[in-house]
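Here's the structure, in structure tokens; my notes come after.
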Amino acid sequence: MTEQNQENHPQKSADSKKVPSRRSRFSTSFFVTFVIMFGIWLLLSGKFDLFHISLGVISCLMVAFLSADLLLPYPKIGKMPGLWLRFVRYIPWLLYQVFVANIHVMYLVFHPRMMELIDPRIMRFKSRLKSDMSLVTLANSITLTPGTITIYISVYGNVTFHVIDIESGKSLPFIMEARIAEVFDEI
Amino acid sequence: MDSVFLYSAIFLALVMALSLYRAVFGPTILDRLIGVNAIGSKTTALLILIGLIYDRVDMFVDIALAYAMLNFIAVLAASRYFQKRKGLYDEARRETKRRDGVMRET
Amino acid sequence: MDIIVTILLICGLFFFTGGAVGIIRMPDFYSRLHPAGKLDTMGLLMSMIAMALYTLHDFSVDAMLTSLKIILIVVFVFITSPTATHAIVDAGVRASLEPWTKEGTTHYDLGA
């Protein structure tokens, strides 16, 4: 583990200039996956003696070896802290929007004349987001907000979504797209 | 504080019975799946409430986590499975026809 | 502290009730998913925060770990709930279930 760790450091600066080799890509994602897995192990086991920690190290090594390239196929270590910081800043905004939209759907559900208020229809727009991760985040954010459900999203950014009334689908997905472009640095 | 948890657990169980209506009488298979998914996410909260009532949260938290994971995988597997079944398609046709009939009457 | 926990818990239960009533009242499969997936997630968030706060009442390392685990459940549900909803919608689209609209059932090209 320590060997691979030291191996990573000289290549970190080269990452931004040229496409890293397959081996270095694998060892970077291996290391990051191991750290994440071990953190979750410590959280879930709650025992900090030598026996349990060594069990955790062994099983985390196995899991990281088998599935490192699934979790992070193209690791960019240099960009990661900034990305995570912006992502953490994005979450409270998303939670606030989800809360507001929840109140709206609650009002619709408990309204006695609900059938006249709702107007379900299908909308589509073309997103300018490029990377897979940002498209997944956009689709999940749209689905998480009540009133809109992503039906289909293509790799080129064509989004089809179902809205429960016109108001909830009019502006929010576009604001959301702009925020996600900011988070993933794709402006 | 214990009684608050007890009454909210009972209330949650009643709400689950309400969602059970959709799981039993849902017109299509996917409606039943929605009902089952709703019951599953309520059960996660109910498990932790039970843990708080019996003062064993540290144990029930792990069960709730495993249950949330199991619920997710069950819904995923069931929706993938029924995608390939022809029965769902026929049922959808029938449902659309029935609804159109109702629409014309009103 | 107890008052905050109780208020959050009641808010969570209110959202859960909304989800259950919503999936009974909504007219078709697509619109039923709106209350089912989302109001439940919000209710889970509220009631879980209440329970995590209550667990932190007597402060110790164990209680801290337990409430962190409860927050982990919330994070997990927030990632998986949209995925499960999307899987159900996808199954519905492939079975060509048609969405209910005010003008009656119209034929949409869903593009999937």
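Letters A, B and C mark the chains in the order given here, with residues in each chain numbered from 1 onward.
Keep this in mind: contacts are C-beta pairs under 8 Å (C-beta built on N, C-alpha and C of every residue); 3 or more make two chains touch, one makes a residue touch a chain.
The model shown is predicted, which means the values in this text are computed figures rather than measured ones.
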{"item": "Chain at maximum distance from chain A, centres defined as averaged CA atoms", "value": "B"}
{"item": "Closest chain to the centre of mass proxy, which here is the mean CA position", "value": "C"}
{"item": "Chain A and chain C, separation of their C-alpha mean positions in angstrom", "value": "18"}
{"item": "Centre distance in Å when chain A and chain B are each reduced to the mean of their C-alpha atoms", "value": "26"}
{"item": "Rounded Å distance, chain B centre to chain C centre (Cα mean)", "value": "11"}
{"item": "Sites on chain C at which at least two other chains make contact", "value": "21, 28, 33, 37, 41, 62, 65, 69, 72, 81, 83, 90, 100"}
{"item": "Overlap residues in chain A, where contacts from two or more other chains coincide", "value": "44, 46"}
{"item": "Shared interface positions of chain B, touching two or more other chains", "value": "58, 62, 65"}
{"item": "Complex contact set, residues of chain C against chain B", "value": "2, 5-6, 9-10, 12-13, 16-17, 19-21, 23-24, 28-29, 32-33, 36-37, 40-41, 43-44, 47-48, 51, 54-55, 62, 65-66, 69-70, 72-73, 76-77, 80-81, 83-84, 87-88, 90-92, 94-98, 100, 104-105"}
{"item": "List of chain A residues in touch with chain C within their complex", "value": "40, 43-44, 46, 98-99, 101-102, 105-106, 109-110, 114-115, 118-122, 124, 139-140, 143-147, 149-152, 158, 160, 162, 164"}
{"item": "Chain B to chain C touching residues, read off their complex", "value": "1, 4-5, 8, 11-12, 15-16, 18-19, 21-22, 28, 30-31, 33-35, 37-38, 41-42, 44-45, 48-49, 52, 57-58, 61-62, 64-65, 68-69, 72, 75-76, 79-80, 82-83, 88-89, 92, 95-96, 99-100, 103"}
{"item": "Contacting residues of chain C [partner chain A, same complex]", "value": "14-15, 18, 21-22, 25-28, 30-31, 33-35, 37-39, 41-42, 62, 65, 68-69, 72, 78-79, 81-83, 85-86, 89-90, 93, 99-102, 108, 110-112"}
